[in-house]
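Next up: the structures, one after another.
In the two complexes that follow, subunit A is the common piece, with subunit B as its partner first and subunit C second.
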Partner chain A sequence: MEFLNYFDNVFTVYHIALLVGGTFAGIILGALPGLSPTMSVALLIPFTFHMKPESGLILLGAMYTATVAGGAISAILVNVPGAPANIATALDGHKMAQNGKAKNALHYCFISSFVGGIFGVFILIFFTPPLAALSLKFMSTEMFWVAILGITIIATLDSKSVIKGLLSGLFGLMLATIGEHPTNAVERFVFTDHLESGVHIVVGLIGLFAMPQVWNLLENFYAKKNRVFSATGDATLIQSFKLVFSKLKALSIGSIIGSIIGIIPGAGGQIAGIVAYDQSKKVSSNRENYGKGEPEAIIAAESANNSMVGPSLIPLLTLSIPGSPTAAVLLGGLLIHGIFPGHDIFTKNPEVIWTFIDSLIIAQILMLIIGLFLSRHSKWIMKVPDNYMAVGILLLAVFGTYSIQNNYSDVLIMFTLGTLMYFGSKAGFSPVPVVLGLILGTMTEEKFLLGNLIGNAKGSSFQHFTSGTINIVLISLCIASIVYGVYSSRKSKKIKA
Partner chain B sequence: MKIINITKVALLAVASMMLLPAQADYPEKPIGVMVAYGPGGATDFQARIATLASGKEALIGQPIYILNKPGAGGRTGWNWFAGEASQDGYMLGAYNVPHFIAQSIVFDTKYNINNLEPLGNWGADPAVLIVGKDSPFNTVGELLAHAEANPGAVTISGAGKFVGHHIAFLQFAKASGANLTYIPASGGVDALRMVKAGETVAGFNNLSDSARSAADLKILAVADLTRHAYLPDVPTLMESGVDVDDSSVNFRGLMVPSGTPQDVVDYLASKVPAMFNDKKTQGKMKSTNSPSRVMSRDEVITMWNERQAYLTELLAGLK
Partner chain C sequence: MNSQIKISTVIVTLVSAILVYSSFILGDSENYLFPRLISATIAILTIMLWFEKGEADKSTNFKDLMPGIAIASAFILLLKILGFYLASMIVFFTLVMYYTKPTESKDFWRVLLIKLGVAFVFTFALYGLFTLLLKVHTPEGLF
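Moving on to the complex of A and B:
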């Protein structure tokens, strides 16, 4: 219970001010497309340069925690996920907002983020040594199968038909192959210099979600179909808490899946959110309502992407292996302050590390309070007329896209993808499988090529990919996921017929 | 006659006014440094530390800000720097040798050592040969003996293709004559993970990062001409009987694109090494485990030319 001894370091006026400021700014930044958790933490690191190590880390930790939750606000209110981790939240969250229940959706989102987040930090506090050892067991082949598991659910996520889902997923996978080949550094499909660095995941995310939304809003505006929101929800805080805690199944599936994915090197919230969404859908008694504004879906996705935060620090702190893209940036933040990850980090720098972990708990609480407070004002955003909203999203999308790599080409890619997606959505295609194809395609290809090189050196690549307990478990999950997908789509066809 | 003279004088005066002040007053606004890698990485945070003291009057006299342009292993940023960056001394770039030189040899890039002007070098991070802590190998000799008995089975990870680690691997494979397999991970951190997890048999990685992780690794040798102060007990590859020099050492420093006025280049070249040598900067380099090596513009020019000649030969068969 050593962590209890360092709370008084957190409760200084300076540190609490940093926490409140960092959490508030994090929620707002997280809600802006482009300023993903990774980007926000990266931008903040130079600001911590002149701070004491524990103060710098407290600010970075608060930012990490809050941006992950903040990304859900724009996902729910305007159907533009703030970060790849919030894609699954947009599916049902925005439907709820359209049904006049934006405030309820935001309540569920922040309460489940809080539960998941606290769960994750406690995993970090109590299970670091065994989980660090487990995280080392996830190698290229295991990560390849995790990515394949993600791919098995692409087709059934938010698509009118399986064929359309598969086609859009395939399009995403193809986008992922543009740019540098992962292992021999040769350029592929780079017929213009603008494609030199490939399609960045967040650029794809903004283009595919934000741009169609801009065109749709303008279309509505000129067709004089201005949407009128009579309500943004009537839930009281107590009702919302009661509802979230009555969905224990979704809450625990989200928290556990998020924690497991957190310790897998490099996977992160973008995968945690969709896998938790999909798993909770499979076991839910309300599965017919998924995609139509089901609170359970939001609860599973948001508890997962926040419970990922704590465990993603386990391999980072003990092995200097980041558990998520944001943790990778945080590594730079640790090194700048002369905190070197290692098994002895808790004995060598107890002051700094325990203060940091304790501050993560406080950051979760502040995130809940500030988030719930902001939810009350969601009607301000919902009441913005379509034309203003379109211009606002457009400005943020351009600004957010450019700021990722300070690259004008990214803005062009974002516009192109967005316009294609607008016409695609008219034909019944969804952006969700495309973005997932882009995210998972990059991971699948890289891990396959690396695993294949290593497997061939060992004698048999096939054997390399199919041996080992974790590999076998993951392959079984992939098969189960495909079988279940086929079975359930047949069943729903029969019902319709 | 008179009129013509007056016009001539006026024209000359205008011309000289346009030319001179721009350089005489340099620098009169903050200066950017383009980093071809993302924020939070080693090159990024070292660039921020190395330029901390730029605001001092005796040094550059203007603050420096960092502009990250990551992508395609650094190619996106450097292509932009050589092709589009302003040539007025207000946009500097951070270089990584041997990375950018190797890329300019292998790929069709807009940059090469002939269109970039170095200003000074701040750091040098040698590659080290590492194995996991549970590995049966304790010396370079044992690793090579295993490679001899099992051709191709010894996998060695590094941070991608045509970076320092890859150059070290190519030199090591060539000098030892062993049949080894290079595993190009998606970055130094993932390459290090592969060695710690036992996924690859060995790896070449940054001395600074490996020295920090000494509890999870065995460091067999340093790919440099001399032993390193951080690891006094670890031999060089040459001492271990493999003829590998310091061509893979990751040098980091600042440069400007060719076309920058010569007196701006001279001004920066006289100030930049002093900025790197600032006491607070050096303290920060040390506390973050970043190996410092300050070199002047002339020393860097020599080093670039040596690398260019050597890498052209080493990479000849790999285009």
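Moving on to the complex of A and C:
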């Protein structure tokens, strides 16, 4: 119950203000169609530079929690999920809006998000310390394979093509090698002065997530827009609470499935929402109403995608493997604040980590209150024109990038990287594995070089990397994730055909 | 393989070739050990990409996209000359004026004044937040 000791740190005026601000902004950004939680957290990271680590993480955590929930607003009112995690919500949520019950749907969404979110944070609280202790057994070669496993899982789950996903991850690793060699400071791949300091993690994050969004908004600016429904309906808050808690089966399925999927590295809210929707449909007595505006469907999907938030941080805090794409960005946030995930995270930085985890509980409560309040005015939030949104993101991206090191070269790198990624994404490449490769690149190379050194001293580097139970398990998991990726992509192609 | 997939595969192959060349030919074996491992794997995957039956790539609406990229590129280049805030106001106004929906008001001067006003207020809000409140440096420019 160590987490109870750090609540005092959360209840300061400054931290509560950060939580309220982060949650408020997160719900609005999440509600804007196309602005993903990942991009929102990436854009926010530079603003946390000048904060203390716990303050910065509190703000990032509040934003992560709120954007996932806020994405349901546009899913319900416009039928455009604000984030991939809200795809399943749109199926029945928008139908309820068409039937004049958008307000009811929004109530169910925020209440079930809150229940799922709290459940997920408690899973995070109780499962992280034992897993962190387990990571003590991970030495250089094991950590090398852990990094490769993280990239492999994200690459195979986040891309339609396994080859393109793996290539994306490897391009990220190559980006991380630009600049000085990690141990002897020799410059590598510095073809121009602008690359002298390499590619900073946050520069990569902003470029790869924010710039493609700018181009996407401008490219589709003249495309026809969907109709925005008003938040009308007959539900009072008490009725909505009663209804959500009367659907315990859907609520439990969503919360449990979301938590399990959150722990699986790389899976994320999109999978959590869809799997929970599917499973609750299978056991529901109202299954014939699914797809026609069934509250149980919204409850299962939303409790799942928010219960995923806490557990997605478990592999991140213990092994540096993010449980979701946004957690990958959060890893960048941890590293720039000098917090290195691993076995000693709770002994070296207990105050920072426990304060951060405690703040996630408060963020869930604020998400419920602010979400219910904002959902009344959500129609106006979604009226922000795409051209204003695009230029706003562009200016924040440029400012955020420059402010990291006051370096104009970073702006050029961010702009170029983001534009290339946009065209790359058209060809099936995903930014998430690239970012993870970039974030984990330096650590992976350091562990590789150390393992290689020890292996050579022992007689065989290859044997050193491929022997030992943990190494063998990790290599098998890498292979299994690739095989699964190939299988599922073939299966989805067959279904489409 | 359709022509769009072919083009993207050729580009990936070129990038892979450059990475392999710079890791194995330009770099020494000691400092480039890790990049060599990665670039060799990239090369193998690129070869496999040629044999993959890929789905058609998403088409790009260059007509609507390119003006935006051109305006944003000009903004990036002008940052060092005009400074962040002046360049921001200009790019804000230019982008929202260029990307105007046919459904917007036909009164050109009214639209122009509103968008100019929004650009000014937005830039001023950024100045208040970044420079006055957060005291963060922005590109200063020559003026």
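In this text, the second predicted complex is superposed on the first by the 273 of 497 C-alpha atoms of A that agree within 3 Å, B and C clash if a C-alpha of one lies under 4 Å from a C-alpha of the other, contacts with A are read in each partner's own complex, and residues count from 1 in each chain.
In the analysis below, a contact is a pair of C-beta atoms (placed from the backbone, for glycine too) under 8 Å apart; a residue touches a chain by one contact, two chains touch by 3 or more.
This structure is a prediction, so every number in the text was calculated from the model and none was measured.
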item: First (subunit B), second (subunit C), both or neither touched by A:Trp380; value: neither
item: Touched partner set for A:Gln405, first subunit B, second subunit C, both or neither; value: first
item: First (subunit B), second (subunit C), both or neither touched by A:Met174; value: second
item: Subunit B versus subunit C as contact partner of A:Leu450, first or second or both or neither; value: first
item: Partner chain(s) touched by A:Leu43 [first = subunit B, second = subunit C, both, neither]; value: first
item: Which superposed partner A:Val214 touches (first subunit B, second subunit C, both, neither); value: second
item: First (subunit B), second (subunit C), both or neither touched by A:Leu319; value: first
item: Touched partner set for A:Asn184, first subunit B, second subunit C, both or neither; value: both
item: Contacts of A:Asp344 with subunit B and subunit C, given as first, second, both or neither; value: first
item: Subunit A residues contacted in one complex by subunit B, in the other by subunit C; value: 184, 406
item: Subunit A - residues contacting subunit C, complex; value: 47, 50, 160-161, 163-164, 166-167, 170-171, 173-174, 177, 181, 184, 186, 188-189, 214-215, 218-222, 385-388, 390-392, 394-395, 398-399, 402-403, 406, 408, 411-412, 415, 419, 423, 426-428, 444-445, 448-449, 452, 493
item: Contact set on subunit C toward subunit A in their complex; value: 4-5, 8, 11-12, 15, 19, 22, 27, 31-35, 37-39, 41-42, 45-46, 48-49, 52-55, 57-61, 64-65, 68-69, 72-73, 75-76, 79-80, 84, 88, 91-92, 95-96, 99-101, 118, 122, 126, 130, 134, 136-139
item: Sites on subunit A touched by subunit B in the complex; value: 41-43, 45-46, 49, 136-137, 139-140, 179-180, 182-185, 187, 193, 196-198, 200, 265-266, 319-322, 328-333, 335-336, 338, 340-344, 405-407, 446, 450, 453-454, 456-459
item: Subunit A-touching residues of subunit B, taken from the complex the two chains share; value: 38-42, 44-45, 48-49, 66-73, 75-76, 79, 107, 152-155, 160-162, 181, 183-186, 189-190, 192-194, 196-197, 199-200, 209, 212-213, 215-216, 287-289
